[in-house]
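The structure under discussion appears below in the form of structure tokens.
Naming follows writing order (A, B, C, D and E), and every chain is counted from residue 1.
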Amino acid sequence: MTRPILEARGLVKRYGRVTALNHCDFDLMPGEILAVIGDNGAGKSTLIKALSGAIRPDGGEILLDGEPIAFETPNDARRAGIETVYQTLAMSPALSIADNMFMGRELKMPGILGSVFGKLDRRRMEDFAREKLAELGLMTIQNINQAVETLSGGQRQGVAVARAAAFGSKVVILDEPTAALGVKESRRVLELIQEVRSRGIPIILISHNMPHVFEVADRIHVHRLGRRLCVIDPRDCTMSDAVAYMTGAREPEPLAA
Amino acid sequence: ADISACLITKTDTNPFFVKMREGAEAKAKELGIALNSYAGKVDGDNEAQVSAVETCIANGAKGILITASSTSAIVPSLEQARAAGILVIALDTPLDPIEAADMTFATDNFRAGELIGRWAAAKLGADAADAKIAMLDLDVSQPTVGVLRDQGFLTGFGIDVKDPGRWGDEDDPRVVGHDVTQGNEEGGRKAMENLLAQDPFINVVYTINEPAAAGAYEALRSIGRENDVLVVSVDGGCPGVQNVADGVIGATSQQYPLLMASKGIEAVKAWAEDGVKPQATEGKDFFDTGVTLITDEPVDGVDSITSQEGLALCWG
Amino acid sequence: MTDADRFEDVVKTRREESFAEFDDQHRGLFGRFHHALHATPSLVPLIVLVSALAVFGIVLGEKFFSPFAMTLILQQVQIVGVLAAAQSLIILTAGIDLSVGATAVLCSVVMGQFTFRYGLPPVAAVACGMAVGTLIGAANGWLVSRMKLPPFIVTLGMWQIVLAANYLYSSNETIRAQEIETEAPFLQFLGLKLQVGGATLTLGVVLMLVLVLVLAYALRSTAWGRHVYAVGDDPEAAKLAGVNVHRTLMSVYMLVGFICALAGWVMIGRFGSVSPSATTGVIGNIQSITAVVIGGISLFGGRGSILGAFFGALIVGVFELGLRMSGADPQWTYLLIGVLIIAAVTVDQWIRKVTA
Amino acid sequence: MTRPILEARGLVKRYGRVTALNHCDFDLMPGEILAVIGDNGAGKSTLIKALSGAIRPDGGEILLDGEPIAFETPNDARRAGIETVYQTLAMSPALSIADNMFMGRELKMPGILGSVFGKLDRRRMEDFAREKLAELGLMTIQNINQAVETLSGGQRQGVAVARAAAFGSKVVILDEPTAALGVKESRRVLELIQEVRSRGIPIILISHNMPHVFEVADRIHVHRLGRRLCVIDPRDCTMSDAVAYMTGAREPEPLAA
Amino acid sequence: MTDADRFEDVVKTRREESFAEFDDQHRGLFGRFHHALHATPSLVPLIVLVSALAVFGIVLGEKFFSPFAMTLILQQVQIVGVLAAAQSLIILTAGIDLSVGATAVLCSVVMGQFTFRYGLPPVAAVACGMAVGTLIGAANGWLVSRMKLPPFIVTLGMWQIVLAANYLYSSNETIRAQEIETEAPFLQFLGLKLQVGGATLTLGVVLMLVLVLVLAYALRSTAWGRHVYAVGDDPEAAKLAGVNVHRTLMSVYMLVGFICALAGWVMIGRFGSVSPSATTGVIGNIQSITAVVIGGISLFGGRGSILGAFFGALIVGVFELGLRMSGADPQWTYLLIGVLIIAAVTVDQWIRKVTA
């Protein structure tokens, strides 16, 4: 059996009187697309925030390649190659699309201008951003220097997804990446996910869209009441089964999948 | 009027300077001089005074009357002005060095403090040996007027002031403490309360000026001690002299800002028309506009006038 | 209906559901404390306040813990306390008011001059003072709400305007306490004393306490209060959600102007006299903002409680008196208060963190 | 032919160099569920913001019951009975769920406490909020006094939808109400929409979820590049047709539907 | 694959697509102006500045429009200008720095006292001053970034600490210009004058101009600058997006401390002497914040340009000199400046609105 590339054991996270993670386990295998599904408020976002260093769990441990790790900041996780699209998107509203895509990894001008004066290579960043957005079919963006706050909900999400897909090297985490996207744009994101996987990079996909989940996922982690209820194989189960588990209409057999 | 002059005061939120300006304006009108007035924002505002001096140069003024906020820091700007042929007169506060001005019309602030110090000591008589003194000063930045009056008072009272350039370094146990008042009623009351909380048996209160004294009095009154504490002050403004009459203040040193101002304006006119500079008082390096102790309980050895006489001379 | 839709059938039949529940892990004393902190944010400055009292009490002994010293603190903070209540309201709307102190001083001058210069009955003069305060507030509110100008700039400008108007109008003449006492004692009404043992409470102190409680009630338990929070939290969202943002802002700024006028009246009670050069005009804004922020109200609006601001004002008052009583000289007191402001907020943050 | 209850003619809205509405028409018939579909950035949200008084169009006119109207603020629209769930949700993050649901229409205590002291009836508001959330199946909300900012993305959306459904009296506008919702919660929203319609109140529903749109809509307004491209009848068209129109893969016949 | 999925097939085949385009409706002069305003927010304060110059020029004639008066404005704003550059950086991170003025004064005192009290060579003393400034900045930054304290409170405390330390350390003694000139002229280096016709530029003015330009470049065109904006815009988002928020904040606060020390050096150049009671210590913060806000930088962070802040400082400078030269009485000057602060921002808002 192969080792999980990213795993978590017994994660606990409480917010005051609210328990968001209740001794939650998690495993991501190399090269797979793992979907995470669950009711609203089940704790999915909290789980991936713990995995990507955005919050520190109150208990439990996380292992990357079998080694226990403790990310202090999302930057640590990013440096370890884990790229995340948060549900809140994590963008600076007043900055432009290109600025946001390259935040923290800006491109400098070649030569002395870049090395000594630290001058940014606007042109190259803008071209890259435009190209990535075109790949996602986001053709309604009229001005690549538009501030992100002036984008429509879906356009904004597209920018965040393009950023993660372009830069992820070890694990890509997507928290409801298509929630606000149109039919065409969602389709492009699914294609993108598969393309990233074909580069050998495993993906965690949180989504409420069952047809999409069943279309692309290799395994499905069902989250309920702050913990992993079971893991199912989309080839063995129907969407109805999955929905029945996650809503509590049916109990999984012990040790499912 | 083709002669123009500038009056630059420390602030214009203090009645002292308001009256000084009114005096200057009246005199300027009488002599047909155009007067522009400037003031700092807060006490000690050198920057605003520098800007004001520069403006006067740009405007082609003939004379500058200034009560300097920072007696030495203003000097280079005034040198520029003098180089441009402007007569510079220091009012109320001598410059450092005093020759940086063409003439100074001022009160002797150290002497003003000394007078009330001597009065308080004489009033207490033998009890002066174990007096408990509260010092209500101007501001933590220790502006020169405040230091001079404070140190003058202590000297007059018979206390060793150590470094006369700053207050707070003496070690005489009779001084309960210093606090700052910003020179107004609000600060006076709070400072008095603070010092009373430190030692409720204070019986002598020095105050930087009369508004601070009025505030201190309110604090004393609120604990019923207004009749057994000596409050002394400096200024001689009409409300202050009235307070002497009402027994709020025991004694105050009166100064004469209107005189300073009108003398100054006259000097500018003389300079502009005849090119002559004013002369200093005999034996001093400045023109002393005088200081007089006002009290209704005169003591031996210190000359004073009554509040009734003081009211005739008061300003504001 | 197509095949793929059918997975939704599972959720079409409704089952009995109950709200999710987990074991409450925070039982016992600490758990309760913890919960209390979350439910009542003003508890944190209260703890800081009590600790400060305790420390000075231990160092200075009964000199400090006397009814005299304790009530003296209340008297010394009464003006800042009233201004801090006003400032809290503005800051809750994500604004800031630099003109509060100047407005208070101008209103006290109006009360005094209207009585002595124009011979109005003192009651009417006080009413005029209140009207002037409310008008200044209305002007601020209108510029902020209608003209969409930043509150900082509006009130910065207003501060200078009001302060200058105050000096110009009064020619900087003080009205003496003795005169007021004999001719218009009503102006000093809020200076009346209630003596109980060594403790001295003035009506001004009582007014401050009542004001804080009334505002706390209004903010917590009325629709208006909820709107104030909503506007401060996210004005755009509040507008979309149906709050009349303009009316809310106008009501807050006008009320604040009125409270500043009250502070002006309190000043006459405390100082006996009416003085246009009172320091409150210059530093009342910073003092009140300090109290508010030490009290845990966010400068970004929408978060915090007015009780906190009141405790914030008391914390500063305790520090000041405590340090002066321990004989620290004024410059050192000034320095230490700087340190203690930072320390108070550090402790506040620390308590919030360990109990998060 | 019946009159539209809400209509718009030639609406124009520009943001700097970006054209969001380009001479757009719109009609809502009494009692119908009208779906609005279109690519990301097509201008759907801008359209409904114009209809609900949240923005003022640069040109064109809006008619309610045949009368031209010009809402100055969302409050005006609300007073006219138009209740809207904006894509950005329009909630005060630091306030509680109940506070947000009743914002601007708080319940007062009975008697003198309410009329003189203006005291709010917390209890009644909380019970009402709890009940509305339960109707939507949002059972993971552990504490009705939780600040909205601590809710999960889906929970937050649920609160906004519950608010609009509970208070709308003339028109209810929903901008992607189920984007962040789980399978069960989305289902409940669809039921709720139908229930509101059965009260005789027409609904405008913006959604990227074609199966849902085709399930509940009476007519479908297809939005493209800032204007209405065509209106289609879900009984005559397939989802593929709809998607083809909105993405520009196919041109509609002139005067479709 | 099920039936209902098939509607997605339509979009599986990719077609040639181009980015959407609409007729540009805003052609012509107005359109260009319009676009320029959007692209360059600092244009608005520039317009206000030019208008103010024009008005005073018309009223006062060539007395005002002389090279002497024009360069005098630059000299009079040099200290506030440098402080405003520093303040802009902090405000862009959604902070505020009340300690800038006090830090500048303390640093100038350190430069002076280290030379005269300890006999250090002036160059070394200036370096020590810079170090002290940077350290104060670092302390502020650490408290804000690591301890998560509100910048307002941190720098309020620091202001008092630095100011009191300044008085205590210097025993409030001024070092006279004459002494510095003869014994350590290097301290007055930034006061050196470049005379061209009636125009007088000092090195301090040149330093201010260079500083503003360099910072404008760094904010616009380097990664660090983008991070500063991102942190001010939404620190949580910036952190999640991979910005090292702590490092960014520390760099900003330390740089600001350093710039304040530069301002201290500029002060020695301008006044010749070293005076611990310089008013900049007390009102430098409000002055610099005023300039920044008039210049259109949002107090909520992340929006605005440093050039705007520079124009803001000039606007105030022009008003002050213009009013003084017209001989307005000081209190009337303050009052008018209050009015003009509000008016300047109203015009700013109005221009933004009609061209939105």
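Some notes on this structure:
Just so it is clear, a contact is a pair of C-beta atoms (placed from the backbone, for glycine too) under 8 Å apart; a residue touches a chain by one contact, two chains touch by 3 or more.
Since the model is a prediction, treat every value here as computed from it, not as a measurement.
Here the chain-to-chain distance from subunit A to subunit B, counted in touching steps, is 2.
Chain centres were defined as the mean of their Cα atoms; on that basis the chain farthest from subunit E turns out to be D.
Across the assembly, the mean Cα position most removed from that of subunit C is the one of A.
Taking A-C and C-D together, the pair of chains sharing more C-beta contacts is C-D. Measuring from the averaged C-alpha position of subunit C to that of subunit E gives a distance of 30 Å. Rounded to whole angstrom units, the spacing between the C-alpha centres of subunit A and subunit D is 28. The distance from the centre of subunit B to the centre of subunit D, with each centre set as the mean of the Cα atoms, comes to 72 Å.
A straight line joining the Cα centres of subunit B and subunit E is 37 Å long.
Shared contact sites, meaning residues of subunit C that touch two or more other chains, fall at 2, 4-5, 7-8, 10-11, 17, 20, 22, 167, 331, 334.
Shared contact sites, meaning residues of subunit D that touch two or more other chains, fall at 17, 19, 41, 88, 140-142, 183-184, 186, 210-211, 225, 243, 247.
Residues of subunit B found to touch two or more other chains are 12, 42, 140.
Pairwise chain contacts in this structure: A-C, A-D, A-E, B-C, B-E, C-D, C-E, D-E. On subunit D, the positions that touch subunit E within their shared complex are 14, 16-17, 19, 22, 41, 210-211, 225-226, 238-240, 242-244, 247-249.
Of all residues in subunit E, only 1-2, 4-5, 7-8, 10-12, 14, 17-22, 217-218, 221-224, 226-227, 229-230, 233-234, 236-244, 302-303 touch subunit A in the complex they form. Of all the residues in subunit E, the ones that touch subunit B in their complex are 63, 66, 68-69, 72, 75-76, 79, 164, 167, 171-174, 176-178, 270-273, 275-280, 282-283, 320-321, 324-325, 327, 329-331, 334.
On subunit A, the positions that touch subunit E within their shared complex are 54, 73-75, 78, 84, 86, 88-95, 99-100, 103-106, 108, 117-120, 122, 134, 137, 139-142, 183-184, 186-187, 211, 215. Per the touch definition, subunit A reaches subunit D in the complex via residues 15, 17-19, 38-42, 45, 87-88, 138-143, 146, 150-155, 158, 176, 179-186, 208, 210, 225, 243, 246-247.
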